[in-house]
Amino acid sequence: MSMNLEREKATLPLSESADAKSPILPKILLGITIVLILTAIYLTFMYADIEKTMGVVQKIFYFHVGSAATAFTAFFVTFIFSILYLVKRKRIFDTYASVSAEIGLIFTTLVLTTGPIWAKSAWNTWWVWEPRLTTTLILWFIYMAYMMIRQMDGVWDKKARLCAVFGIIGFTDVPIVFFAIRWWQTKFHPIVFGNGVSQKGGGIADNMLVALIVSIFALLSLYTYLLNRGVEFENMKIKVDQYKEKLREDLEN
Amino acid sequence: MIEIKKLTKQADNKLILRGIDLSIEKGETVAILGPNGAGKSTLLKVLATLIKPSSGLVKINGLDLKKNHLEIKKLFGYLPHSSLLYDHYSPLENLVFFGKLYGVTNAEERAIELVKEVGLSFFLNEPVKNFSRGMIQRIAIARSIVHEPELLLLDEPHTGLDQGAISILNNVILSMKAKGTTTLMVTHDFKQAAEICDRIIIIKNGKLVDDFKLEDRALNLVSEKYQLQVEGVS
Amino acid sequence: MIKTAFLLAKKDLYSELKTKQVLTTMIIFAGLVILVFSFAFDPANNTTKAVIPGVIWVIVVFSGILGLNRSFLSEQRNDTMQGLLIAPMDASSIYLGKFLANFTMMLVVELVSIPFLFLLFDFKIIGSIPYFILIMFIGSFGFISIGTFLAALAANSKSSEMLLPLLLFPVTSPILIGVVQATRIILTNMEKFSSALAWIQLVSAYDVIFFVLCFLLIEYVLEV
Amino acid sequence: MIEIKKLTKQADNKLILRGIDLSIEKGETVAILGPNGAGKSTLLKVLATLIKPSSGLVKINGLDLKKNHLEIKKLFGYLPHSSLLYDHYSPLENLVFFGKLYGVTNAEERAIELVKEVGLSFFLNEPVKNFSRGMIQRIAIARSIVHEPELLLLDEPHTGLDQGAISILNNVILSMKAKGTTTLMVTHDFKQAAEICDRIIIIKNGKLVDDFKLEDRALNLVSEKYQLQVEGVS
Amino acid sequence: MIKTAFLLAKKDLYSELKTKQVLTTMIIFAGLVILVFSFAFDPANNTTKAVIPGVIWVIVVFSGILGLNRSFLSEQRNDTMQGLLIAPMDASSIYLGKFLANFTMMLVVELVSIPFLFLLFDFKIIGSIPYFILIMFIGSFGFISIGTFLAALAANSKSSEMLLPLLLFPVTSPILIGVVQATRIILTNMEKFSSALAWIQLVSAYDVIFFVLCFLLIEYVLEV
């Protein structure tokens, strides 16, 4: 008499690791990132002029704008990989989308912390409700919601599918954040590039521009590095789960 | 053990139970048969204090159902159609929780033992929500006997169980019977009824139409009487 | 496809007609929100008139969420959603049907509660009523079309009635910002009419984009 | 009718179906047996397009399950564990709704006829939510055959049915078989399986372990083979 | 009785600890309410600073409702509520257990969201913080104790998540009015402190009365 339900469900054949590429890539990325960040720090604090009205606090600008640009890029990557996932249904695309969204969320959080710090000194308040700031906050909430969908219970492919859908829907806010200061009249948040409704793009000194661009690239390469590591880590976790399942079944039989 | 007098239950204007008189001795194993919609589950729910009778008297172990709620609730184990399990909890967590609720002293051990008994020890720590129908039914059975009740109220306990689990369940009922437990079991499966029960009750249209003792697992007798009462008349 | 969608909408609306539960709840809820606000802002005070456009949309949002939640939650009992999924129709039919039912209910709620609000706050419309209706229409359209989609998405979760607002508020906030602004202008300050028109266009564009997007993506949401 | 090749289904890391090959001819009545948690319901769900297989090929009537959703959905009737009925609707309203959804032309008549067939005409206009388990199962059966499907997927259809309803159900299946309908039926009740099926499949641990034709309602053969496969090995 | 109540509360909180769903949702929802209010009513306007005490309680009310709903809705799957009802304990244990779980979660949500609110609306507290905490405590206590009771009552309905707000708002409005007044005074205008004290006493009295009442009546609500 079988008194016990058997439990000999085989595990899947462990998928070949995706990192057939040489492990040199992350090291190179790390190198580039470190160099760029050091340069950016140098440029920010030594090379670029100190802004006349705001003083040293303005240095936060490079980090602020760089984080925002990185966050936008990250969400765009999520957007692209979400579409790819829906079409191709490969787990790797989902991993990329989710890791990228997570990093994007971190950078948005950075924008949302550096912003108020700057605002405290520039506008003498932590926060005002104006389009750029509001839409940025909305952006943060959207990707928080994305994370909540990920937290849902259920098998991974269901979550991946729903997240991909939401990743596509949610991305629409990114252009809105970008254009917020250009469409609406803003009393507070400055525009540097392009023209807004009520004000002209201010433009900045050349040496500031150089520092800004380098900062942006530094943060972007940091993002790439983090993405690479994050995806690696996720893959590892998936693999460990598979091993664990297999091990447990070996023990049981 | 159970004493039912003139029990009626009406929902809105419909009489579901129409005057049931029944008395069951300690240690009996009683099967309740009857066609769909006869009122079998309703009767069990009344005994499990989940439905208030409209009129009539119900005494369990000499305690009045209306007054001695708490004492009675400790006495019985109830297995309804739904599993009464928390979906996101594992079998172990579920059983430990219910064990503690009933004041079982060594809840953890008892839970592990029960899960083993119903043959799911491999699934001890997996959330119940992914289980198949039969696996859920097994845990639900374990839940209903976690506090070693003196009275078992089982509503179609064999649903969804495979052959192995059916014999496990029958063994459990029989071994509890040996310890003096009384069992009331609603079922449509004459074979199982004949196998473990020593008394059969047939309910039809909210009334008790037959009540007889059974010996030697006389499956034929059951079918015969059922046919006579339920199909012969209609 | 349209026919199936109507059949589904009819089923929902018919069961609503029988029980009147969702609708009554939504309307009473709207009434309660109005009451709460009338406590919070003294309606006699003239400056508080400025909050009316906001209150209108708070009502739409919060009572809308109640209805949207119900819409897919009600398909969970006995797994009737599975019944719809195995029926020979496209996922978009389900979406369209649910959207129609929700939109109808939303409009009914607005029809009842907004006059009530105006009455209670003794509000005299000095702007254009047809435009006001237009704004209500496009605003609700956008809110409900996105809401129906996200309700379908959230329904996959164990605690969907909690997840829905989290998904819905951020995604619809551009619409809400737009319509609150437009409503404010239309109701109180017709001089800036051109700006209101710009808002209306913006919201309409957002509506259309999202409706199409939802229509295309719903297949992936309802896939099993 | 059905062509399954190397079908696997995995939920997260767990393989539920592990390579099933099966081909079923039009008009066959196939019983699927197996212990709890074997993967029987999962297999049926895959066929009912409710679960996407992880790999493998499934063809129904020559149509690929992945591509020809709509055509396939018209073909089959599916009866799962839950009833798929709207609680506050009456049997009539439920059946008419589903009838229309499937494009049945005279949905109303068909619904009334079906309710009568399952023996619930007295309850035609009462909301389903107050029904007993067996009554709900009867309506659920009616629902699954409202569009006269060519393929019936039944998951433990006999649960909760009384003797009368069981013979109604068996008759329905047999009369549909006479019209050429294919039936796949998951069950734990060997007696019913032997009674109406002409082929038995045994699934264990997500794999097909036995597949044989049945003649003359040979109940013994079924029990024997089942025991051999399921209990003998372990 | 207390032991069983703790057991029940532990079960709820433990399953919350595992998934963290309800809590995160409540907190994010609180943030979103802030957001919705920010674009419904222009916060730059200085007069709207006066609504902050109101907004605090709106947050408590709305995110509280989410948690309260969950609390009994989660017992509906597989009829686990029946499992509790046939267990040998008083109905009041169930009430107490659920109350403890809900109250704990509510406090956590407040602890996170209120500092946030102050930050976002750039609000400077000029009053007494200990008293503010006291008010938050008694207000939440009353709201959750009545809310738990009414959630149990609403859970009997098919669409309980809609019914709850309808029952809850009217019954708790005395508490809400009281605490909003008290909060306003404490936060902005300490001169009228004695009046705030009066409000606090009133609300406390209401709390006690209702807690006892709920405690006694719950038996009839949970009776089957």
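Note that the chains are named A, B, C, D and E in the order they appear, and that numbering of residues resets to 1 at the start of each chain.
The definition used in the following text is that contacts are C-beta pairs under 8 Å (C-beta built on N, C-alpha and C of every residue); 3 or more make two chains touch, one makes a residue touch a chain.
On a predicted model such as this, the values are computed, not experimentally measured, just so you know.
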{"item": "Each chain counted as touching chain A and chain C at once", "value": "D, E"}
{"item": "Greatest separation from chain B - chain, by CA centre", "value": "A"}
{"item": "Centre distance in Å when chain C and chain D are each reduced to the mean of their C-alpha atoms", "value": "40"}
{"item": "Separation of mean Cα positions, chain D and chain B [Å, integer]", "value": "28"}
{"item": "Centre-of-Cα separation between chain B and chain A, whole angstrom", "value": "56"}
{"item": "Centroid spacing, where centroids are CA-atom means, of chain D and chain E in whole angstrom", "value": "48"}
{"item": "Contacts with two or more other chains, residues of chain D listed in rising order", "value": "11, 35-37, 52, 87-88, 230-231"}
{"item": "Residue numbers of chain E (touch at least two other chains)", "value": "19, 21, 25, 28, 32, 35, 39, 158"}
{"item": "Chain A: positions in contact with at least two other chains", "value": "1-2, 4-6, 134, 138, 141, 144-145, 148, 153"}
{"item": "Residues of chain C that touch chain A when the two form their complex", "value": "149, 153, 156-158, 163, 166-167, 169-171, 173-174, 177, 209-210, 213-214, 217, 220-221, 223"}
{"item": "Residues on chain E engaged by chain B in the complex (per definition of touch)", "value": "4, 7, 11, 15, 18-19, 77-80, 82-90, 223-224"}
{"item": "Parts of chain D lying in touch with chain A, wherever the complex brings them together", "value": "10-16, 18, 35-37, 52, 204-206, 230-231, 234"}
{"item": "Residues of chain E defined as touching chain C within the complex", "value": "21-22, 25-26, 28-29, 32, 35-37, 39-41, 47, 51, 54, 58, 62, 66, 69-70, 73-74, 158-159, 161-163, 165-166, 169-170, 173, 177, 180"}
{"item": "Chain B residues within the chain D interface of the complex", "value": "11, 34-38, 41, 81, 130-135, 138, 156, 159-166, 188-191, 226-227, 230-231"}
